[in-house]
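In the two complexes that follow, subunit A is the common piece, with subunit B as its partner first and subunit C second.
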Partner chain A sequence: MDRRDALAKMFGAKGVRVNTNRGDEYYDSLRKKIEKRLSELRNSPAASKVDIEKVLDAEGLSRRDFMKWASATCAMLMLPASFTPLVAEAAELINRVPIVWLELQDCAGNTEAILRSDSPTIDELILETINFEFNETLMVAAGHQAEEHLDEVIEKFAGNFICVVEGSIPVGAGKEWCTIGAKGETFEEHLLRVAQNSAAVVAVGTCATFGGVPAASPNPTGAVGVQDIIKGKPIINIPACPANPANITGTILHYVMTGQVPELDYLNRPKFAFGYRIHDNCERRAHFDAGEFVEEWGDEGAENNFCLYKVGCKGPMTFNNCSIVRYNSGTNWPIGAGHGCIGCSEPDFWDKYAYERPMADANIKAPTGGVEKTVDEFGLGLLTAAGIGIAIHAFASAAAGKKEEV
Partner chain B sequence: MKQGYKKVKRMTVFMRLNHWVVAICMVAAIITGLYIGHPYYQTLIADPAVDKYVMAWNRWIHFIAAIIFDVSSIVIAYLYFFSRFEKPYKKLIPNAKNVKEFFDVLINLITLNRVKRFDSSHSDSFNTVFFFIFHLMLLWMLLTGLQMYVHGLGSGLSSIGEWWPAMLHLATDWTIWVTGGTYMDVRMSHHETMYYIIAWIMFHIYYQVWRTIFWQEGDIAIVFGGSKYVKESESKD
Partner chain C sequence: MKKSIELIEKIEGEAELHCAYGTDGRVVDAQIQFTSARNIEKILQGRDPKDALIINPRVCGICNHAHLIATVRALEACYKSVKISQKSQICREVTLSLELIQSHFKWFYLTIMPLLGFKPAIEKALKPSRIAAEAIAAFAGQYPHNSYAIAGGIVSDITPIELINAKERIEALKKLFKESLIDADPALFKECDKIETMLKHRGDMPLAMAKIIENGWQMMGKSEDRFIVFAEGAFKKGKSIGTRVSTNISTGHIKEESIKRSLAKRVLYKDRGYEVGPLARAMLMKTALIKESHRKYADSIFSRILARVCEIPQLIIYIESLLHRLDLSEESWIDPGEFPKRAVGAGVVEAARGSLVHKVEIEEGVIKEYNIITPTQWNLGSGDIEKPGIAQKALIGLKNSDPIELVLKSFDVCSVCTTH
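On to the complex of A and B.
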């Protein structure tokens, strides 16, 4: 290796770049791996009776619609176009992989985002075909019956099921308030029991990934995310409030297809979804560069779709694909609808991102934990103090006079 | 030259040039940085479209000022140890002599020049420590600034190659954890440090003027002509 190559290797740090082209060799071996995995799945019994063809039929969607979706999802997962049939096949076989969906300390917003749309996308339909062996929000069983069922699932599919977690886990003083089931298990015990037997854990929504809203200051229940508790299991974080169904399906599909977790960033978020910054793919970016901002809600700028930075858009510090994938069948997304990004896919978003002011005007906690001040107020206070100090010294010096004259 | 005084060289041409380049960059970075943090004036909507690039210009000036700073900082860091004129690190070592000088200069300041027990012909320990704090703040601005900058290179590509964003991640990702764990904390810290730097500048200008008036050795001339004057009776050289 010559020096240039050595330097290139040293600085070509793996894990930094969102690599959308890994070369033929990589994709050939990936294809073989996927084909092997899918044939295994095809030969295994369908755990759920619902299959995608029937669901599509019921919704009046054609095979062509399904294949269009498959090619879009293939692109979203950053795979070559030739993988489209494999993606379609994986979507058909998604009901082979059992899933346990836990509902912890949250508003069930992620479940709602998937279920409550009046014209469901194929992403959402795929999630319907998924073999939910256990789902606290949706299942019919209750009490001892539900507990028994969970025990059965854990025993039957030990080491093979995906544990999807929605909601944060209280571990602080208030954790006793959050119990589940007839035995009064705390959320922490419940999660640990299920996750220990799973193949991988997928944390869905910001509460499950970083604690989210329950963990916002003063965090009365000591809420934390899944990755703070579960160790030694592959964890995939799909934050956002709610998480985009496209990203949930994409991640599960990636797992079904390859049996591996997708490439993750430093917060364990899949790079295919969280590798790019909202700001860089924003339709209002030109107005940012032009310095054309919405000054207040409903003004001339708002009518002209100006940049929302001055009313607190946090797109410049938020990594997510909503500016590309959007929500509700690609209908729209927050910035498109005229409200700035609140950074819901970043840690501590409720305290540090979700205010309708630019960062310089944000309230921050004093180091003492006391009165909240903005950075600018703090700074002006500091400068005033420095100015007063200098003025006192200057007046005292002038009054005392020069040494020689004394 | 006034009788009984002698001229002492204190700053080389390069040091003075660097001082003024840094001073100009500082003003430019503060003006544009405040705009980036909270755009405080509006783009004129009636402007021709070709002029509408206000945020981009502000960021451009801010980044150019920053890169000049960065280069200057590297040179200054080198000179700390290898300057042929004066090696500042020698005044930073907390040995008995430097500690004594530091407090002697401080006492001189708070006794309003009533007590002056040190040789003011050369750069003193107090001022060197004071400048060292400034250089640390600049280094912090450099690291947090580049961390925010690399967010814009999310694809991992740049016009000068993949090594650049990769290196920035390696060199600055730790600032996220140090400041509080999110990108926003890095921004807030960058913004807050600006105020410490402004306070530093206020004291720096005041103190140099104060020295000039009370020591009567023409200290303010150092940064213009490179020399100051010392009473021959007080000088030890």
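On to the complex of A and C.
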């Protein structure tokens, strides 16, 4: 394949295409559906006593702050701006949908990310009003009492609650070493029992989605993701290590709003968050296009925030919205701190995308079918040649232009 | 003899506490077991040593940064010599200290306060955690789980803007400390040596400490009265038997022992168990207030809880003095050269719950063995009745009506770390 064709294919690859304009007819019917759903929710009893208005008040945040958040979230969900009031309403009604949060074979990093350590203030407040019927870390009950509570929740909200799962599930030899609760259920049994009764399962973090670090070679415990265990239930995968809280709130909000799972890609990831590559919106992208790279840590390129591709950044093959949403209330993100993307939202990234290795050495089969490898083998030499970067840019733009016409 | 099983959730991950009671209704044996594992040490075998910098923070979402810094120190120890600029040294210390601060806040408000009968104050835990995490992110990109430290320094080139962002948040943490924990200036903690003086101040910490005394629990949870601290920086290295300090210790004497029916291993130093964590650190540093508490209440839950909360002002002062010396024009990374094909190295840090040790063995350029020894293993690893573990010893002798859970959690259980 011609080098330029390869590049054009990379930037025009199908996975990159997210249809952000579906036409009036689609949005009109969606609006009607959402309005109906929200009015039903409004008439149903609140599952938790916390009210977002009061919480905002207590925090000294105005209605205006809240609407600003709603409009940003609306954009993140790739809905037209006119849907902002509906997003706001859904956020107010989020306490009508009970959530059970299970921690399996994990490091608690996602709970940490979402419930404690980061997320924009309002996202976090909304999560506070979410009715976490069961979360080991947050609830007051413990031990047997907690277990009874879980049984009650499953029965009372059967078919209506969202089951959020953090952590992978060991199914290999010695799986009986991972047990939960006084009955000594294996993680698999526990997950099956809870998920069976849920409305939908949200797998949060790369362990729950694709097995994550426990599944890294040689996968000593035979760890797998939720989608390998649960069949016949809607599953939404929100990978990344840790998953971005904005994406978790966004997904839950989408479910509250529509009663449906958001549009997913072939790995069951919501397209609103995983429809683009890190690379597509990276703040250092201009340096890539101009052929300006960090050649080694601490060099002049590093001081000038050049592109990290050559020190192993996996941004060009990683689908996630970190470059837009960032982390810790938007304070920063890994590339902002000068570390390349490690591809943490892709399956098997521990074995394929790991550290600092230039991609050509990393034996990567990229999500778009290996195109990236071609680009790496041919492209890297190409990129270093002066002036060629501009040609790439031209190709990328051409591909983007074509996309819009479709 | 009656057996009872208590499940201890609400810690990170799950563990089981099995208490056996004697005829007098007192605990005669307590076994702490951990019921899940991921075998991360096995996953590391055969990998490029640099991969450990990404994988290891994932051992624990709670003290991920401590694991990163321990890893980078272990890798640097593999070289004959590594030069690190003062700038990257300072950045690493600052982000590490910030992780400790946010963990102390969370532990106090989410674990200790509810056990003392106070209403859970989630926002008082979440807000400082969020702010500290943002300050870490200013240096390191994100929190939890970043990999900004590499052998030879750090990857980030901090600009004055990021520094201002971080400093603003450190100020905010100071304010929160005064507003919610104790209405006193951090500097006061340097010299204050009267518990009564401390308790006179307004705030949730004096409330909690007064509650412990009111309940008559101040002497509970005493253990071996042996302490050990491996890493320096904000703290002092050494061991302390009672108040007798010796600074001559080495990670070479650490030994892990398997525990029956549990996935965790216990840890001994020259065949003896030691307590690690904030109380141990305060004993080594001879912090006036904690020494006074130790004199009055020994190594009880009172001293343990007080020591952990009092680390917050100490760390804030430490961070401020470090940032004062920070020179942004220094190099972020100094090339340490080719990674050795064959080497061994150990790295230690003080994580929120105590000393964390990483040991690595490199052969043919890849990891042959990797060994992670976590603070919870030191404190929670169970032994037998003749040679009980630290927490085990603290539990034995308690009555069923005593605050068994509080004694256990005064060590702060982290099961994900422990079984890794």
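To be clear about the criterion, the second predicted complex is superposed on the first by the 340 of 406 C-alpha atoms of A that agree within 3 Å, B and C clash if a C-alpha of one lies under 4 Å from a C-alpha of the other, contacts with A are read in each partner's own complex, and residues count from 1 in each chain.
The criterion applied here is as follows: a residue touches a chain if its C-beta (ideal position, glycine included) is under 8 Å from a C-beta of that chain, and two chains touch if they have at least 3 such contacts.
All values reported here derive from a predicted model rather than from experimental measurement.
In the superposition on chain A, contact of A:V18 is made with subunit B only, not with subunit C.
Residue contacts after overlaying the shared chain place A:P316 against subunit B, while subunit C stays out of touching range.
Contacts of A:A337 after superposition: subunit C is touched, whereas subunit B is not reached. By the document's definition of touching, of the two partners only subunit B reaches A:E292; subunit C does not. Residue contacts after overlaying the shared chain place A:E189 against neither subunit B nor subunit C.
When both complexes are overlaid on chain A, the residue A:D228 reaches neither subunit B nor subunit C. On subunit A, the surface touched by subunit B in one complex and the surface touched by subunit C in the other have no residue in common. By the touch rule above, subunit B contacts subunit A in their complex via residues 34, 37-39, 42-43, 45, 52-56, 58, 109, 112-114, 116, 151-152, 154-157, 161-167, 169-170, 173, 180-185, 187-188, 191-192, 194-196, 198-199, 202-203, 206, 210, 213-214, 216.
Listed in rising order, the residues of subunit A touching subunit B in the complex are 7-8, 10-13, 16-19, 266, 275-277, 279-280, 288-293, 295, 300, 309-310, 314, 316-319, 343, 346-349, 352-353, 358-362, 364, 375-376, 378-380, 382-383, 386-387, 390, 393-394, 396-397, 400, 402-404, 406. Of all the residues in subunit C, the ones that touch subunit A in their complex are 5-10, 12-14, 35-40, 42-43, 47-48, 50-51, 53-55, 58-62, 64, 102, 106, 110, 114, 120, 122-123, 125-126, 129-130, 133-134, 136-148, 150, 152-153, 155-157, 162, 165, 263, 331-335, 405, 416. Interface residues of subunit A, counted against subunit C in their complex, comprise 103-113, 115-119, 124, 128, 136-140, 142-144, 146-147, 177-182, 187, 212-214, 216-221, 223, 241-242, 296-298, 302-303, 305, 327-329, 331-339, 342, 344, 350, 354-357.
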